[in-house]
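Both complexes below contain subunit A, partnered by subunit B and then by subunit C.
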Partner chain A sequence: MNTWIEKQRHLIDFTVASLARRKGKNLGLLSIYGLLVFVLASVALYTHALRAEATKVLAGTPEIVLQRLVAGRHDLIPPGYIERIGRIRGVQKKEGRLWGYYYDSVVKANYTFMVAPGMKIARGEIVVGPALERSRGLAAGNGISFRSYSGELHTFIVADVLPQSSELVSADLVLMHEEDFRAFFKYPEGHYTDVALSVANPQEIKNVAVKLMNALPDSRPILRDEVLRTYASIFDWREGIMLALLAAAILAFGILAWEKAAGLSAEEKREIGILKAIGWETGDVIKMKFWEGLLISLLAFLLGYIAAYLHVFHADAVLFEPVLKGWAVLYPRFTLTPHIDGLQIATLFFFTVFPYTAAVLVPIWRAATTDPDTVMRG
Partner chain B sequence: MIFQPAIIALLLAAGLSLAMLLIAAPFAAQVIRHWDIASGSERQLRLERLTYLFSTLVAFVCLIQILAALLFVFNADKMSVMFVGAMCAVGALNVNEFGFPALYLQLALFFLAALWLALNHADSRARDYPLVKLKYALLLAAIPLFAASLALQMQYFLGLKADVITSCCGSMFSADAPTLASEVGALAPGPAFIVFYGAIGAAVGLAAWHWRRRDDLSGYATGLGALAAFVACIAGILAFVSLYIYEHPNHHCPFCILKPDYEYRGYGLYIPLFAAAAAGMSAGVLRLFARRPSLAQVVPPLTARLAATAAIGYVAFALIASLMIWQSKLILIE
Partner chain C sequence: MLELTNIRKAFNQGRHNEYWALSGIDLAIPERKVTALRGPSGSGKTTLLTILGCLARPTEGRVRLKGEDISGLPERFLTEIRRQTFGFIFQQFNLIRGLSAIENVVLPAYPTGRPRKVLLERAEALLADVNLGHRRDAKVEWLSGGEQQRVAICRALINDPEALIADEPTANLDTKLSKEFLGILERLAASGRTIILTSHDPMVVESAVVDHVVTLRDGQIVDEK
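Right after this comes the complex of A and B.
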């Protein structure tokens, strides 16, 4: 075992020295390789962080949201509707929610107006999200007027600004008192936007949803898990499409690697010839070339991955943000939580090291099986 | 659901592996028909040269296969969030009927790849390449398996549609479901304990015996012992090791232990287990060729080393499993 390690160590020593002798060529390959890893890793890291963020956001939402449909469209929950649900075993809490969208022509963006269930907000006061604070220059104590859809002007005092940490969910949020909300939108008395149900046991959620469908055939229960699954598959799909598009880049890189490995300079050929003349076997030359490929691969992988990490988590993924994140006027500003995932690294490894190795196998063999006398004579 | 990064990677690996083996196939046929180490003909020289290329190529395919088997399980676990009722890899693999066959074939190819690498190693050590025809015959035989693996994975991944209701690991490994895995899971902890430690003890003993004796009988016994112990260990993980890890008397799933919720403890179990099983079986298979004159010097130390690896692997596995059982707060057997 020790002799084996010794042998590999010497081979690596030799390989490093020989790589250093051809700096230009190898640095070129290394930078292209690193760039490929960087692009792929940026996509993977970014989508993964977005997925993790979505999961975190949805963790606090109710297990089931019940909407009423009229002619296949979302409609208000009329009075007495919630009572018709009756007692379903497993449901801890059910409450009607009030929320709606308001288009602000000043900043040309939509706000979400909502009655906060757990918060005490006095009449005439509102609590706003951080994006609103930025776009309208609001601070606690300021007054702001909105023109309602009926044409009246309503003035509110900003009581508080929601903390930055919740920005992903609260960027465009305006929280207000229930009576203010009903007055502003002329919302009919006793009506609600939808119903939120909390179910403690995750295995009961499906049964509760089935019972809801039976009790209220015109309703549409939306499960939190469904939303979560949909987000997961959308982000995965976006990532997959990006990778499929980048397949051309991987292919081009494979061709480049083949070219680089096949285009042995006269000097390299001489080197291999001399090595074989002094007693190296074909297998040894292949091993040396293998170490060369492995060292370049690992170095490129490491550099590319670190660069991608910095790009995504410290530069906000400027290059891919528009494609992967989606778009909105009041888009929340948020810092992604750095997260490294084993599956992701393994997948990246398959996308980069595998094609590289496959591409250089044949050229390496060609180089290793050349006859010493033909090279040295030539 | 083909546009998932890990799925693309797996299909890429399976497709490229198959392509490489197909490229190697005509050469393999030539070797089987024309290889003659005593000849100095041009063709023989060409073949000898090409063996370097194709040995490296197949070795590479084998290594990729070993990694792909890992990635497959890893990915199945990750995908489980997308299916109603799927809580871990079992649910994701159960989404359609191709999931588990694809996994089993991956694992079979893993062991085949390990065996081929061992044969290749022994062959390249001998002066006259005594196993070269066998190696390439095995390669030809493996091509349909690799093709089947690609086809199964294709079927499996193409058939995946997020939201299909699947049985989760709880219902599959519960005592009344009539599948094979559930029967193993329903094995009573008491007998399973005896079989588990008995088989590991036997495998370690046989391997140690072969390490000292280095003869045919002990070699074959090591191979068979490693295989039997592998089956017993998987049965043991299903029957009681997983229960102790989950601290739950009915949760038999062999995949959930790979999750971060259980500190990835499954890797601590599976890596030594698979390494030990592959090493032990390779020792048994290599012993078949110990009588070839040029291998007489090569095989005995090699199989002894493989047997030692198997013994160390199984001991490590047993220690890790025992430690997990000891640390668990679950009481299964008074």
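Right after this comes the complex of A and C.
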């Protein structure tokens, strides 16, 4: 056993010395390889963390949101509608919500105006999301005017700014008092935008949705799980777009790696001949080259992955943020919670380290099985 | 030590350019003696040397090492025999560029799995023995021709083989360096090693250190002294 370990150490020593001899070539390969892993890992880590973040944020939202439809379009909930729902087993709470969109021509951005359930906001005051704080330079105590769709100017005092931690979903949010909301949008009394329902038992959610459809045929229940799925597919789609854009780069690297790994220089062939002549077995030469491929790809993988981790979780993924995060106009600024998935690492590892190591071995096997006497005739 | 019986070696066998480099060699290499193979270019010296050193297998005939038939052994076993029994000094020295002298010397011992410390100590002793101790960390491409050959000799000795195989050892050396080589050869022979070499050089073939001269022509032995 000791001899085996000592032998592997010798082979690794020789491999390292061998790599150091072709510094320029190997460093070049290492950086391109590392860059590829960095890009792939950045995309994977970022979208994964976004999905995790969305799940976390949506965990506090109602299980079912009920919208009313007129001619297939979302319409207001009229007075008496909520009462028509009646008592449905499993529904703990039902309440009408008020929210709408507002286009701010000053910064050319859309805000979401909302009456915050369970939050006490005085009349004439608003609580704004962090993106508004930045784009309009707002702070608690400042006044701000919005021209409503009817042309009237409404002035509000900023009571508070929402915490940064919730920015993924609250970046463009403006929370206000119900009466302010109705006055601003000329929202008819007793009408609501939609209805939020809390269902304690997750098994019951679908049943409740069916009962809602039966009781109110013109309604559309939206389940939280469906929203989560939509988010997930949006991020998957963005990830796909990103990877499609990178496909050419990945392919170029593939060709480069194959070229480097599969083609042996005359010098390398000569060296293999020498090693065989002085008593190395074919297996030793293959093992040495295996270590060489593994060292390069493993190092590139580690460097690329660590760089991607720092890029995503410490530098806010500056390179891919616009494509991957996506937001109407106001970009949310938030720090993602570091989240690493074992399966994701394994997949990335398999698709980067494995093909290169394998590509190194094929030509070596051919070269290593040539007769050792060729070196005598060199 | 080595006995060859009716050795024939063909290249490109079965093709239009088939060529028989050796045709019917019977030869016995005495133990602890210096044997020189000589002959003009294309006479089959190097081919014979590769068969004697287990670098190649004959197309026909038998090779016996200490009485044991090794001509039919698979490559893996031949490699082990080669590593344990023979040390090689090539005409072009065949050192690995970019590595230091001492790293080149220890290379044949890597597959043995001996501890690195032991290998380095032995390599240092060998280099010191040929007055190259001070050049141990120099890259081999920085060394002169004579120094490179001495590194190649140390490399051939790292596994302490019974026999040394040298192909045209003085072909790339001037007279002074050739004499130095003969001095080393004498010491190696005195230490009881079997030495087999090929050479064109009369200075080597006719020197007192050579005990046994085999002359080849057209793949056959024409003279043996």
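Convention: the second predicted complex is superposed on the first by the 350 of 378 C-alpha atoms of A that agree within 3 Å, B and C clash if a C-alpha of one lies under 4 Å from a C-alpha of the other, contacts with A are read in each partner's own complex, and residues count from 1 in each chain.
As a convention for this text, a contact is a pair of C-beta atoms (placed from the backbone, for glycine too) under 8 Å apart; a residue touches a chain by one contact, two chains touch by 3 or more.
The model shown is predicted, which means the values in this text are computed figures rather than measured ones.
Q: According to the stated criteria, A:Leu303 is in contact with first (subunit B), second (subunit C), both, or neither; which is it?
A: In the superposed model, A:Leu303 contacts neither subunit B nor subunit C.
Q: Classify the contacts of A:Ile274 with the two partner chains as first (subunit B alone), second (subunit C alone), both, or neither.
A: second
Q: Between subunit B (first) and subunit C (second), which, if any, makes contact with A:Thr282: first, second, both or neither?
A: In the superposed model, A:Thr282 contacts both subunit B and subunit C.
Q: Of the partners subunit B and subunit C, which touch A:Leu343 in the superposed model: first, second, both, neither?
A: It touches subunit B, and subunit C stays clear.
Q: After lining up the shared chain so the two structures overlap, which partner does A:Pro372 touch, if you call subunit B first and subunit C second: first, second, both or neither?
A: After superposition on chain A, A:Pro372 lies in contact with subunit C alone.
Q: So in the superposed three-chain picture, is A:Thr3 touching just subunit B, just subunit C, both, or none of them (first/second/both/neither)?
A: second
Q: Is A:Ala17 in contact with subunit B, with subunit C, with both, or with neither (first, second, both, neither)?
A: second
Q: Figure out whether A:Asp225 sits in contact with subunit B (first) or subunit C (second), or with both, or with neither.
A: In the superposition, A:Asp225 touches subunit B alone.
Q: Determine where on subunit A the residues touched by subunit B overlap those touched by subunit C, and list them.
A: Common interface on subunit A, subunit B vs subunit C: 282-283.
Q: Considering the complex alone, what residue numbers of subunit A touch subunit B?
A: So the residues of subunit A touching subunit B come out as 44, 206, 225-226, 228-230, 232-233, 236-237, 239-241, 243-244, 282-283, 286, 290, 342-344, 346-347, 349-351, 354-355, 357-358, 361-362, 364-365, 368-369.
Q: In the complex formed with subunit A, which residues of subunit C make contact?
A: It comes out as residues 46, 49-50, 55-56, 75-76, 79-80, 82-83, 88, 90-92, 94-99, 103, 107-108, 110-116, 155, 159, 167.
Q: Considering only the defined contacts, which subunit A positions touch subunit C in the complex?
A: 2-7, 9-11, 13-14, 17-18, 20-22, 267, 270-271, 274-284, 371-373, 375-378
Q: In the complex formed with subunit A, which residues of subunit B make contact?
A: 1-10, 12-13, 16, 20, 49, 52-53, 56-57, 60, 64, 67-68, 70-71, 74-75, 78, 81-85, 124, 162-163
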